[in-house]
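Several structures are given next for inspection.
Shared between the two complexes below is chain A, which has chain B as its partner in the first and chain C in the second.
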Partner chain A sequence: MERNTRRNFIRKLGATVGAAGVVGGTSILSSCNSVETSSGDKIKLLTSSGELVEVDKSQLTPAEMPNLSENQTRGREGLPGRSWVMVIDLSKCRNARECMKACQNHHQLRPEQHHINVLQMQDAEHTAPYYMPKPCQHCDNPPCTKVCPVNATFKRNDGIVLIDNERCIGCRFCIAACPYSARVFNWFEPRDAEKYKGVTYNIEANVPQKKGTISKCLFSADRLRDGKLPSCVSACPNGVYWFGDRNEDAVTNGTTKETVSFSKLIKDNAAYTLMEELGTKPRVYYLPPKDRAFPFEGELIEHHS
Partner chain B sequence: MKTKVNRLMIGILMFLALPGMGQDWQVPADQLNIENPSSYNLENVKKGKDLYLQNCKSCHGDPGKNNHLPLVPPPPDITSEQMQANTDGGLFYKITKGRGGMPQFETTISADDRWRLINFIRNYNSENEQLLIDAPPVNAKILASVNEADKKVEILAEYEDKSGNYQQLENAPVFISAKKAFGNLLLGQALTDKNGRSVFSVPETVIGDEEGNVTIVVTLDENYKADQVVLEEAKVGKPKEVPQLIRKEVLWSTNENVQIWLLLSYLGAAGAAWIAIGYVIFQLVKIKRFSKQ
Partner chain C sequence: MNTIKSPEESRKVLDTIFSDLTRSITHKDELTRFWFFILIMFAGVGLWGWIIQIDKGLGVTGMRDYVSWGMYIANFVFFVAISLIGFLISSALHLLKISWSKPISRVAEQIAIAGVALAGIIIVMDMGRPDRFLNVFLHGRFASPIIWDVTVVTTYLTISALLFFLPLIPDLALLRDRMTGKVPTWKLKIYTILALGWKGNPEQYKTVYHAMRILMILIIPVGLSIHTVTSWLFAATLRSGWDTTIMGPYFVAGAFVAGAAAVVILMYIYRLRYGLKNYFEDFHFDYMGKLLVFVSLVYLYFNINEFLVPGYKMKTAEGVHLQNLFTGAFASMFWLVQVAGLIIPILLMLIKFFRKPLPLTIISVVVLIAAWFKRYLIVIPTMEHPFLPVQNVPDYFKSYAPTSIEIMITLFSVFAALLIITVLAKLFPVITIWEYAEEKGVDKKYFSKQPKN
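Then we have the complex of A and B:
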């Protein structure tokens, strides 16, 4: 039996360090070998963060493009366990229209097409006017999905109503059925049609848009999958939008990033939904335009959209 | 040639627009020299700070850090010369009425509180005595664990003293939040005792995931520089209810979603019709056979 002397300890330590050195050395050697295989042919690439980088040609592997049918299957399933809701605080809206701009950029919409529109409202003759952003209400009982003859528009289990533009035949029954006028029709070739030719269709963002089909607000379902807030919610400079999961009773403000209890927010502020008498059960809640942070500016323009 | 003209036009327009962008915010003369009726003392400045954090920080950022929102025109830092050059009356008017990107606070903050806010802004004026001393954040560390049986979070907080040793952190507020889809929802706060320890009971109403697991985040306030402690998947919440929103059968515009009763009645009706037609033909054939006989 070996005695635990200092000499023995040092000997063992030496053996361990030596073994580690051999392993380390081989790994360095192997990395040298892999460098030797590079062709020396450099290629310039633009990363997703907008950085220009140079990569050796031999290092390149073809990117896996998402499959169309796979995209559509996961788009139809939705995010498990979620139940998305939006709260719009009418007392904070200043008609900055940043939400509209961000939305149009995200969904490749023409300037006259709106998934979300900021309306000038006056409820009665003597009441105070206010601005009201109006997206699709993502009803829990959506009339639009029931009239679609080809099942192109559908409701997911996380509460989002989507459209499959690959399936849509452009009959516009859903436009007729929607009481909130939330849908737009692509009468012309969509914006940047040439630029996005051949790009795989993404059902969760309705891009690239397709002429002769319907498009509408999708709560930026593709961004939600990445854990980001919808485009309009993130873009608002005035803290108008709250967005979150009703199942976990929490909504987050897009501007201040503050997270509050959804049920408390809508209870304390007497939130309401649009046209609830129709029984559509919208998922967009409005907080009344009380104590407006930004007063209504200019003349009220009469328009109906 | 055309592009040159265009560039020139843009240049002229920008030159004309510049003085407009930097235009001073005119305050009516009668408002300009109103004196602040609320006295400059620690109590008012502290209240002003709370109001600032609640209403102004989201755009103007933290005092002295120049981390305001990138808006046009930029919201000035409250310690800046631009902000401090205003008279008290001028500040009051601007906070009250707002302009462009700056909201009016006439309807949301009472006049007394607006004056308190001005007291807070004046705390950063070099001519004034600083009532709120902003000490640099102290290095600290938090240890936390979850007692799932009692639904309690146990916390131990320590700070680094001048000699670099860690000491128990007394009487410091600790914030406990739950991780949600897009941010942390504050559940409450606890105060550490003289041993730097604190116990926080998780409220009954907290909702976790489908199994009741909650990710708890423990942080100290801004006076301490400490990494937040994230306690993953502690089983202290109510299980999340996930109601099914849709029944596949509701939509039956495609074959895979058809309701079974509908399919059976359709097939039954169509089958009955064919049987009736077959029966009639059979009878006709029978009659013909009889007529031959």
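Then we have the complex of A and C:
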């Protein structure tokens, strides 16, 4: 019962956030309460798509925004009843890198920081090369969360592995433990640090990024809460990504918007996971690069320099 | 040992021993001042480097997303390694009733304290957010090997400090009683406070013996776990090169090599600087040389297991890593460390001549430097070769080279460790006076100037 009321509360909160469509600093929002009509004052706001817009104060209505600690609490719980999975169709990827761009915009990353990276792969000496988008694998047995000394990175109920950059001490053990090289570190002051100064930290998008802490792919958990597909999935022009809920056994293609049965999709196409021999149990499934929609272009980069 | 002597003779022997062993405290000259100046200057420069690093971010180092652990971690492992010698010499050898190691135990404890203290400091310097250090205690979770490490490092530091302090108490009483006028009053005050009102009753000695024995037994599991747990920082990950079950014993064996070498060097310095030829005798060096050969042989055996077996199979990812060590970018460092730092020293030290003080010290310096590079080889090459290809990143992400800031901070750690050792040597005798005098047959009743009972 107690759980139910909390869930309701969270759902309400989510709805308010969705309606307001903004993720802003508590300081800004609290100032909204005492706004007179047409003050002429402009306020900078961060939209859910990750852009900064300037809005007249009079256009803002007070919204019930989660403060940092509520934000962190609900971020740790995840979306009830969900079990997110991603399917990547390697035969469709032609290295357009729209997913990488969208992701870097959404999560305020520098060009060399990849939550998702499109790799040139070749499995053995004479096999055909292919492009492989590689997000965080959101393992069910994640090596990274095991080694974290302060519980800054954790796996939540809906299967997403998140990072709390308000708690992270920057020991980089999770980078060392991750066999998929899926984690990045903010070695310097992050991109746009000045621009987003004072904005409340959103754990589900890991923005604003923070110097000296880890960042990683989060399946755009903030967009999932709004009922949207992750940034990379929506941005792909070639239909590479399927994303959905394993509990519902349904995945949706980000490009064609087609929804199919998850289990049938991975069964019919002989899907596999990366380095399954390590026992990490990834939630990202790959469909083999068969009947390629495009030729592999360019020279193959050596795997191990 | 105990040859009964007349009171006059006993007093004379004690006086000689006392004045010899307190020379390090009373000795004051330009060289000492210069040495302190060097130490403090380098430590200061290192701290300045750390301030820059905190201000600008860890990006001032050569580390990046792939090689995310660098020289600091190698340094950390090195300091943990040399600190382990305190456990071997002042506990394990004592419990085995090997008495020649007694005069060396304080030297070993000095190294242990300095090493483990700096290991703790360097790990904070490696953190991206040192301001959140308290999170380790507020949100610590015991599933993480880092928490095991924090626990063991603090426990080991505590026990080492106690093992240093307990046998020091009777010495402190001696210093309190006999050093009036010879040292500044602040030092005398320190001695008086730290001596805890020691009177030299048989019961008091009994308590000290008893407590020391407990600590010596306690430090065995703690000492073994400190370096085993450090090795698990690596062994608990899925990376080729680290993902091996041999890491624990491998690290412990390597630690004894590095620590024994450090002890030999420090013994030689004390012997030379404070004229302690009759205390750190030639046979001590001979035995230390034999000990070093023994632990080096064990370490060599583990090295063969560590590299030959995977080298024979050359599994995909493992093969890339080993190729890099054997013939690749790290080949010269790897073979220098193995041959000049391990095999040649073993062969040389089998000959009696090379176990004499000066040759042994020179060998130890080589072994110690090689031990540092060995830690470097454990940390960095593995990180340069992850399972998935390193692509779409700037070239400097792909390989690691330490920057000047990292070198500054590393120098800081070395000089800060030397500073701790120097301060300990300047404050307290480097050999336990009362134990040594007792060994020479002086009865305990002569230790205090005015026996109360």
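In this section, the second predicted complex is superposed on the first by the 236 of 305 C-alpha atoms of A that agree within 3 Å, B and C clash if a C-alpha of one lies under 4 Å from a C-alpha of the other, contacts with A are read in each partner's own complex, and residues count from 1 in each chain.
The rule is short, and it goes like this: contacts are C-beta pairs under 8 Å (C-beta built on N, C-alpha and C of every residue); 3 or more make two chains touch, one makes a residue touch a chain.
All values reported here derive from a predicted model rather than from experimental measurement.
K.L.:
In the overlaid three-chain picture, which partner chain does A:81 touch, first (chain B) or second (chain C), both, or neither?
P.N.:
First partner only, chain B.
K.L.:
Touch test for A:270: chain B only (first), chain C only (second), both, or neither?
P.N.:
Touch status of A:270: no partner.
K.L.:
In the overlay, answer first, second, both or neither for which of chain B and chain C A:255 touches.
P.N.:
Touch status of A:255: first partner only.
K.L.:
Figure out whether A:148 sits in contact with chain B (first) or chain C (second), or with both, or with neither.
P.N.:
A:148 sits against chain B and chain C alike.
K.L.:
If you stack the two complexes on chain A, which partner ends up touching A:43: first (chain B), second (chain C), both, or neither?
P.N.:
Touch status of A:43: no partner.
K.L.:
Name the contact category of A:134: first (chain B only), second (chain C only), both, or neither.
P.N.:
Only chain C is touched by A:134; chain B is not.
K.L.:
Can you pull the chain A residues that chain B and chain C both touch?
P.N.:
The answer is residues 146, 148-151 of chain A.
K.L.:
Across the complex, what residues on chain B touch chain A?
P.N.:
Those residues of chain B that touch chain A are 58, 69, 71, 98, 101, 103-105, 107-108, 177-178, 180-186, 207-210, 240-246, 250-251, 253-254, 257.
K.L.:
Sort out for me which residues of chain A touch chain B in the complex.
P.N.:
Contacts found on chain A: 80-83, 92, 94, 140, 145-146, 148-151, 154-159, 227, 229, 237-239, 243-245, 247-250, 252, 255-261, 291-295.
K.L.:
Which residues of chain A touch chain C in their complex?
P.N.:
Residues in contact with chain C: 100, 112-114, 117-121, 134, 143, 146-152, 167-173, 175-177, 179-181, 183-189, 211-213, 275, 278, 280, 301-305.
K.L.:
Mind pulling up the chain C residues that touch chain A in the complex?
P.N.:
Answer in residue numbers: 56-59, 63-66, 68-69, 126-130, 132-133, 135-136, 138-141, 143-147, 150, 233-234, 236-239, 320, 383-394, 397-399.
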